[in-house]
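Quick one: the structure is below, questions incoming.
Every chain is named by a letter (A, B, C, D and E) in the order it is written, and numbering of its residues begins at 1.
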Amino acid sequence: MEWDWDFVWQIMPTLLEGFKITILATILGAAVAAVIGLALAIARRSPIAAVSRTVGFVSEFIRGTPLLVQLYFIFYVLPDIGIRLSPLVAGVIGIGVHYATYTAEVYRAGIENVPRGQWEAARAANLTTRQAWIHVILPQALPPMIPALANYFIAMFKETPLLSAITVLELMNQAKSIANSNYRYIEPMTLVGVFFLAVSLVSVVGLCWLEERYARMDD
Amino acid sequence: MIDWSGYLSLILEGALVTLQLTIMGSALALVMAFLAGLGRLSRFFVVRALATTYIEFFRGTSIFVQLFWVYFVLPFAGLTLTPLQAGVLALGLNVGAYGAEVVRGAVKAIGREQGEACIALNLSRYQRLRHVILPQALPLMLPTFCNNAIELLKGTAVVSLISLTDLTFQAQVVRAQTGNTLVPFTTILILYFVMAWAISTAMRWLERRMTRSLDGVRT
Amino acid sequence: ADLEELKEQGFARIAIANEPPYTAVGADGKVSGAAPDVARVIFERLGVKEVVASISEYGAMIPGLQAGRHDAITAGLFMKPERCNAVAYSEPILCDAEAFAVKKGNPLKLTSYKDIADNTNAKIGAPGGGTEEKLALQAGVPRDRVIVVPDGQSGLKMLQDGRIDVYSLPVLSIHDLLDKAKDPNLEVVAPVVGAPVYCDGAAFRKQDVALRDAFDVELKKLKDSGEFAKLIEPYGFSAKAAMSTTRDKQCAAAQ
Amino acid sequence: MPSPIIRIDNIVKRFGPLTVLDGLSMDVMPGEKLALIGPSGSGKTTILRILMTLESISGGHIEVDGEQLYHMKKGADLVPADEHHLHRMRKKIGMVFQHFNLFPHKCVLDNITLAPMLTQGVARSDAEKRAMELLDMVGMADKAKSVPAQLSGGQKQRVAIARALALSPKIMLFDEVTSALDPELVEEVLSVMKRLAAETDMTMLLVTHEMGFAHDFADRVLFFDRGKIVEEGRPEEIFSNPRQERTQTFLRKIIAAGHRV
Amino acid sequence: MPSPIIRIDNIVKRFGPLTVLDGLSMDVMPGEKLALIGPSGSGKTTILRILMTLESISGGHIEVDGEQLYHMKKGADLVPADEHHLHRMRKKIGMVFQHFNLFPHKCVLDNITLAPMLTQGVARSDAEKRAMELLDMVGMADKAKSVPAQLSGGQKQRVAIARALALSPKIMLFDEVTSALDPELVEEVLSVMKRLAAETDMTMLLVTHEMGFAHDFADRVLFFDRGKIVEEGRPEEIFSNPRQERTQTFLRKIIAAGHRV
């Protein structure tokens, strides 16, 4: 079966349509992961053992099981208890929460990476815990986290094809639909590969820039 | 009346396939990780370029696209793999690319100082790697390798999309045959989690064994 | 593959769908259902002792066949002109009309694909790459109201949850699904007005016409002896329907 | 006679199974300059950290400026101090660390003004004026806008001293403030501290391995070993005429290693 | 008169835009004990690292034991040395680092025997016998089976010295071997080195900030500043009677900081 350029141009608009949804899902998912991840990280530091343990276990569970299965659950099982989400919303929540368990680890590492001496200096300067967080710890913890967070957002982008399992018409699903109705897999699948590779190559460059920009400041 | 015990044993058969995929995929990934990871540190430009291309390509495109490619496009190039082989190949190469960065990072983390001590003792490049760098780098790699193995385990769910009768796929079959969604999906969520838990327990044990002698090393 | 090769290796690889009653998977893991049963008998008579069935998405079957992953598709893959171009079909085996599953009382009064096209609120679910998706698109339903559903259970669930208004599959598949669901709030519209009756056949690679012809010979014998009816009628299919049409008619039908 | 500004009474500090301070008691008079010396691991840092409330204590009592440090009155009872009480007590105490612990994301000036503005509600302009005076005192006025990464170790430490002084504590704690510095840079920090000791009536506690400096700086030297004070006295006594065997060996070793006493 | 074992001829070393060694030349005679002193950043470490082939050079020539270090003969031409040539030259030279750089995953004995077994093909039993002699010499025989993490800094450094000696190099390089140690532990290492200097006829180059030790150890002292040798001479001359202004200031500061000369 040979490569057919005419076919490529013919399917391009449809693929771009799907690509838009892929990007949208990634951005929304990243936002969810960033916010929920911080919440998880803080909850895990909670002095109340019941809270930190439960959150810990739930995170472990989410991280240890496949996103695909979780998506099926959110989309097909949750309606039984009255929660009916649109495919895109279900997908964004699924992928966002799944990746929140990863970003939570990044937040945690970032916070723990601030040298203990900084906490102590804040103490010695008689700052309150809240003031220490806002003025001393977070400003130092956040910038070094940015590259690691970005890394997960790229990984997330690459997992958006899973959303086709819950009928989101993203890039992969569009490609499959094209393939199915034309009985040609080579062009759509290769193009999807090219799209992904292009985005990741660009993001690798972006990531390098971020890493340089937010390289650890040292004392 | 639905014959649940029969269908559950179907799911367990799927678990066996998942296990197989995970183990064989991890083995391939491990080999690739060391080949490409050390390749990137090579003196020779060609080796470095090859390793870099492999790593960037497989990290850049989505596991999905790789899977579809291996399964649907490779046959046109005359290479027809069984679904199991296709799954192992795609998963192993994909996770191997991530593992390669871990290997490289760990080897670099062992640091210039140890390398310089080796030069001062006149060890050859190979001797440095074999006797000094790798024995110290290995324990550093383990935690991330553990994460990678769990990622691979979760990745096996994706192979259900190329009709490999793994855990997720069997759950789909059981669902179609019985009309029940909750039971098969809950079952496989638990099974996945148990497997992930087993992986991390085993890795922790290994890590403890390997680092016992390195306790309290100051750097 | 040609017949000699299959005989030698002792089995044929067939693609089936995860869609009762075309295929069924028993609690013991054994594959049955109308399509594989017929294939099994015919291949046996051709001297190929076993069939190895692999369950596949509809959309992946023809590419899989072309990529040499299967020797034949026996899955309720209906004959359509484009498909007739892409693969070599045997004579018809299983025939079925199209049906809709809808909410009790058919609130949107949908009886044909045209009705769905006309009602701008109606969403239809159908398997990706399947006949129903095509029919809906041909009738003018815009792409964003044709939801590609991964499998029957998912389709049914989406209908129950109100995510789609119609779920379309062949009559027997819909009946099978609803029987299992035992949901009093759903009903069947069958046959769909204006939709043709389709028949599937075993599909082979274009270059395997010889194998297809050999298959046809045995299929004819089976039909004539009455064994054919005994094989498929327990699943609800009509042998008469399959025997009253031909591949050529089916392949030409929609043109 | 004035009463002590710090009263340490039978303090015990354990880290897990390890007892680091073992029933330590000592008093410090207002304005006194104290040098704490002794072998590594003897608990010198620990006692400073306890005074700065960076550690908890396992037993005993500490009174600072007439108030309990780790306890507070609730009705008639003494109960463990809460964050609010600690916050109030920390106003009296400042500390300079071995590794400076400057805030790397803030410039020198902001390092100094941050705490006065946040904890004492000083207006920015006032805080900056005072900060510049202090920077002038430590000879760092021209670096007010630099970030810590642009400074040498000695400069960082001088900024750290200015930062601690900005809160005008009654008591200052110094933990090996020169031991992370290159030998050539040590002097600039020590000279700042000598001036400080001579010019203010602040109470100062200093942990150091620089015997020569301890000698010049302190009114009184305490020799620590294994969480106890083994010997104490005026610097002349301790350094030229140590009574305890342990003190003698320690000083001998230090001298052999090339340090001046 | 014997010819120099090390001839450094007009060496230039640049790191990017920074010129660290600027046309440095010096000779070292066999068996000589040299101390390299000077302010931070003056290039002392760099010259040792260049001799150990841990850096490349930007210009000039070095001859070690009659052979070019960074160049080799190819026919009539001098071409840059390849890995094989460097490997051969490194046999003549050993180095001890500031941070010991012991192999943390190997016990003390294996740290010492590894290189002789791998690079000289010595049998394990012979290598271990020699290692035990060396450990005995540095007073560490009883720790042969410990891993580095179980040792104090001073003990680690003594093992590192034994490890370098195990290859019997003609030239030994020491880079601030005591500056990462607690003051109390410095002496044990210095005493080992003094014995070593007295007992062997190895050529030794030593970078140190311990002026007292440089004084006792060296036959000749080189004072470095900004990649140049500013002054050199016998220790008595340099320390009691430095001629150069720069040397005088340096020594004054070091003394002020409490170091004995």
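Just so it is clear, contacts are C-beta pairs under 8 Å (C-beta built on N, C-alpha and C of every residue); 3 or more make two chains touch, one makes a residue touch a chain.
Just so you know, these numbers come straight off a predicted model, no measurement behind them.
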(message) Going by the touch criterion stated earlier, list every chain that contacts chain A and also contacts chain E.
(response) B, D
(message) If each hop has to land on a touching chain, what is the smallest number of hops from chain B to chain E?
(response) 1
(message) Using the contact definition given at the top, which chains are in touch with both chain A and chain D?
(response) none
(message) Can you tell me which chain lies farthest from chain B, using the average of the Cα atoms as each chain's centre?
(response) D
(message) If I rank A-C and A-B by number of C-beta contact pairs, which comes first?
(response) A-B
(request) Compare the CA centroid of chain A with every other chain's and tell me the farthest one. (result) E
(message) How many angstrom lie between the centres of chain A and chain B, each centre taken as the mean Cα position?
(response) 20
(request) For chain B and chain D, let me know how many angstrom lie between their CA-based centres, rounded off. (result) 52
(request) Please compute the C-alpha centroid of chain C, do the same for chain D, then give the distance between them in whole Å. (result) 84
(request) For chain B and chain C, let me know how many angstrom lie between their CA-based centres, rounded off. (result) 38
(message) Can you list every residue of chain B that touches 2 or more other chains, as numbers and ranges?
(response) 72-73, 76, 161, 181
(request) For chain D, write out the residues touching at least two other chains, lowest number first. (result) none
(request) For chain C, write out the residues touching at least two other chains, lowest number first. (result) 60, 63, 67, 153, 157
(message) Please list each pair of chains that are touching.
(response) A-B, A-C, A-D, B-C, B-E, D-E
(request) Report the residues of chain A in contact with chain C in the complex, numbered from low to high. (result) 1, 76, 79, 84, 86-87, 165, 167, 169, 173, 176-177, 179-181, 183-185
(message) Applying the document's contact rule, which stretches of chain D touch chain E when the two form their complex?
(response) 39-40, 182-184, 186-187, 190, 209-213, 250, 253-260
(message) Per the contact definition, I'd like the list of chain C residues that touch chain A in the complex.
(response) 58-60, 62-63, 66-67, 82-83, 86, 128-129, 133-134, 144, 147-150, 153-154, 157-158, 160-163
(message) If we count contacts the way the header does, which residues on chain B are in touch with chain C in the complex?
(response) 2-3, 5-7, 9-10, 13, 71-73, 75-76, 80, 83, 161-163, 165, 169, 172-173, 175-179, 181
(message) With touch defined as at the start, can you tell me which chain A residues reach chain B in the complex?
(response) 1, 60-61, 63-70, 72-73, 76-77, 80, 158-162, 165, 172, 185-186, 189-190, 192-193, 196-197, 200-201, 204
